[in-house]
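Chain IDs A, B and C follow the sequence of writing; residue 1 opens each chain.
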């Protein structure tokens, strides 16, 4: 995508203004992480100190060691979380693109009603379906396994299905038409045309899926019984213990560490996929 | 292609929903069987539950302001980020950073930011030569504070808008540029119309999600002060998991469901006149 | 069309199944000698993990046939976890329950009665535990839990000796009555440009504080003895709220208090009052026994403090230093637990025996066991141990009910406007009484 770039002060000012806004907003967005980072380098005494210390004047690193070793097997939790995240990610990417296709490009009786029904499943607060859903999983004997956390991903999460459907509907009809004339079947069209063209949406979905799985602690809490299978988010909550004795610097140290992998994945994903998309998208 | 998925979907998703619909006509203490009570729950809701109306009002307030605000902010920022910038990957990761901060840290963190003396709010107002107001402790400013907080979560909508912007074919802009169209015209004649499906998505998702706002009120303000941040979902959650009245909570949840569904259907209906799908519909 | 109909029927029947599946399924009776793996769900996370591991190891050495599987969970999400696992008939063997929820769980037949175990092993709750602790572990006369952490020990009056000295007061003499506190508050309160910069005892901004913390020290009750009437409109209650709100007004109300906390406790990582106390901005603090452990770690080095039991209303001749207690952690065996007998052995060890003593001594906290608290170790390691004992002995038992959380919320909703200056104390108390009483009366009406 090309932006017009007339020379002259007006364009340069516009660019500078844009940069300024971006930088200011970025700093604001950085604040939460900055607070976490700063607290992880302070002793508990310093965190509470008066007047408040904005920049720690020395780096107290013991929280990182303590946080990871003194409480819970975070190494184990990390591996569990990575495993679960990957499985769920595959499920979401696969199911959302697969299920969105009929909703976007095929016509069949009851399509719109079914679409609304699917969407409406997001409108009921999960608090009230928690118990019935748990009972179903209990009858299936899936408690204390990763199945209740992973299988729903393969059934599709309406948010992602909806997103893919919007993107698929934005693709001009000529492309699949041409492919059909060339003899490609529907599944082939789905795989070779629709999915690649919706790559930006898939990247977004991947990122959301990773973040959500990484940070969810309620699902692991009620479905997992064996501590060796716990995830990082759950471990982090457990670190708090009872309210009166939270060691915030340890909690923040572990929080910082657990935020870094998703962050790195973000940066990596974007560089990798954005390149591919920019070249193919504009060719259309 | 659809039927096996449909079956499993019905069992795991629609099944529990229907169960909760049944519960809404019962007295259900969770640990023992539900007792049928007919429409009692709904009658109580309307006639004797002050918090029903109050929490509904709070929620409408929140939705009415945060949804448009978030859409405009995220779209605007996505436009800004869509240029060829140096370090654009970093900026795009940065907008997602707040979503990655563990919930554990939220309460303390946001109190620090809104602190009227030494936090961001205090510093900001001090620079303006004014006294910072109290946010979370002030019944009039608690919702605005949470709405401002919600702006930190525009990472996902920004990402989606960016994905949409990237898919706009470049030749459209080139042609417009050759025709001498100004950037503003390009924005309104090319960008916006093509982006309408994505706007629809973020609008609908924004509505669905913000009607269910809960976590910030639960973690930071506990519904206060003076129930100013008692949102409908919090009221519902408390009835179900703290008072163990899951029947009443289910009834409340279906009222919320109906409201959200109504809004969503209305938006979809209206979308026929303002959403433009590039391909076949 | 046919397929759709079958689908619909399947879904409906499955939904019906799940609706009625909650409740208790019949389990086979436990076999003879206690053995097996006990699933023990608890929230002793954070710094208590090594302590728990230690006592589990000791227990397993003493009971080679039993293994304890400690399932740590966070406090937020406890109810979700317990409710789903019990409702589906797959509960853990031991759960850590706050005993203010015991009435609800017990009345739903979700807990195993411990009476037969107690009788078999010759244990008398009233002889082992403090009076309030024993009562809080029972529902309708049946014991459903063993007390683990104390229900007491959370409302002690700490004071900053250094600040007292600097103000010309005797650093070894803490306040005994509310009137003492008021006088000290006046002395320590400092303002600057209309903003409060220092206080004595931080005033309460929580509408529940007056009846949870202070009412007991005015000889007040939450429920009347017959448990059928709420006592929020009693003269004692009014006197308590009047005093509590009075101190808040002297500071300038919620607005000024917030400014004070924003100034004195900006990083509020524990409670604001506690942080202000550490920072020398508050001369006193009402807090719990964990402070003996926390102060050396969190307060500035050389922090010198004194502690006494909660001051009482000196204007009421019947008042004495006492706190209303209606909760505290306990260990219970859910109905349907697979290894109830083995679970009982763990309960004995961790709540009535050596496990309890070691676990709480390791945190310099008291146990609910009368005898264990007399251990010389405590006296040697804590110069204020007699204060802790006095607090435990003086506690007043307040019966929790299944509807107590709902009643308390209704009361808080009615009292909060009082603290914000939006309504009078009398109006607030009347509204609280009427709203809370309605819930209470509805509850009793359903009991027949």
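Operating definition for what follows: a contact is a pair of C-beta atoms (placed from the backbone, for glycine too) under 8 Å apart; a residue touches a chain by one contact, two chains touch by 3 or more.
Not measured: the values here are computed from a predicted model.
Undergrad: If each protein chain is taken as a node and each touching pair as an edge, is the resulting graph a line, ring, star, complete or other?
TA: Shape of the chain contacts: complete, all pairs touching.
Undergrad: Give the chain pair, either B-C or A-B, that is connected by more C-beta contacts.
TA: Most contacts of the two pairs: A-B.
Undergrad: Taking each chain's centre as its mean C-alpha position, how far apart are chain B and chain C in Å?
TA: Each chain reduced to its C-alpha mean, chain B and chain C end up 35 Å apart.
Undergrad: Take the average of all CA coordinates in chain A, do the same for chain B, and state the distance between these two points in whole angstrom.
TA: Going by mean C-alpha positions, chain A sits 16 Å from chain B.
Undergrad: Multi-chain contacts only, two chains or more: what residues does chain C have there?
TA: Residue numbers touching two or more other chains: 14-15, 18-19, 22, 80, 83, 87, 266-267, 269.
Undergrad: Give the residues of chain A touching no fewer than two other chains, as numbers and ranges.
TA: As it turns out, chain A has residues touching two or more other chains at 52, 131-132, 136, 217, 237, 239-240, 248.
Undergrad: Could you check chain B for residues that touch two or more other chains and list them?
TA: 6, 11, 14-16, 19, 23, 30, 108, 112, 118, 241
Undergrad: What does chain C use to touch chain B in their complex?
TA: 3, 7, 10-12, 14-16, 18-20, 22-23, 79-80, 83, 86-87, 104-105, 108-110, 205, 254-255, 258-259, 262-263, 266-269, 402-403, 405-406, 409, 413, 416-417, 420, 422
Undergrad: Which part of chain A faces chain C closely enough to touch in the complex?
TA: Chain A reaches chain C through residues 44-45, 47-50, 52, 70-72, 130-132, 134-136, 138-139, 143, 217-218, 221-222, 225-227, 234, 237-248.
Undergrad: If you look only at chain C, which of its residues touch chain A in the complex?
TA: 14-15, 17-19, 21-22, 39, 43-50, 70-77, 80-81, 83-85, 87-90, 92, 264-267, 269-270, 275, 278-281, 288, 290, 293-294, 297-300
Undergrad: Inside the complex, what are the residues of chain B that reach chain A?
TA: Those residues of chain B that touch chain A are 1-2, 5-6, 8-9, 11-17, 19-20, 23, 30, 77, 80-85, 89-105, 108-109, 112-113, 118, 120, 152, 156, 159-160, 162-171, 173-174, 177, 183, 186, 194, 197-198, 200-201, 204-205, 208, 211-212, 233, 236-237, 240-241, 246, 249-250, 253-254, 256-257, 260-261, 264-265, 268, 277-281.
Undergrad: In the complex, go through chain A and note every residue touching chain B.
TA: 1-4, 15, 18-19, 21-22, 25-26, 28-33, 35-36, 51-52, 95, 98-99, 101-102, 105, 114, 116-125, 127-129, 131-133, 136, 151-152, 155-156, 159, 162-163, 166-173, 186, 197, 200-201, 203-204, 207-208, 211, 214-215, 217, 233, 236-237, 239-240, 248, 251-252, 255, 258-259, 262-263, 266-267, 270-271, 274, 277-278, 281-282, 284
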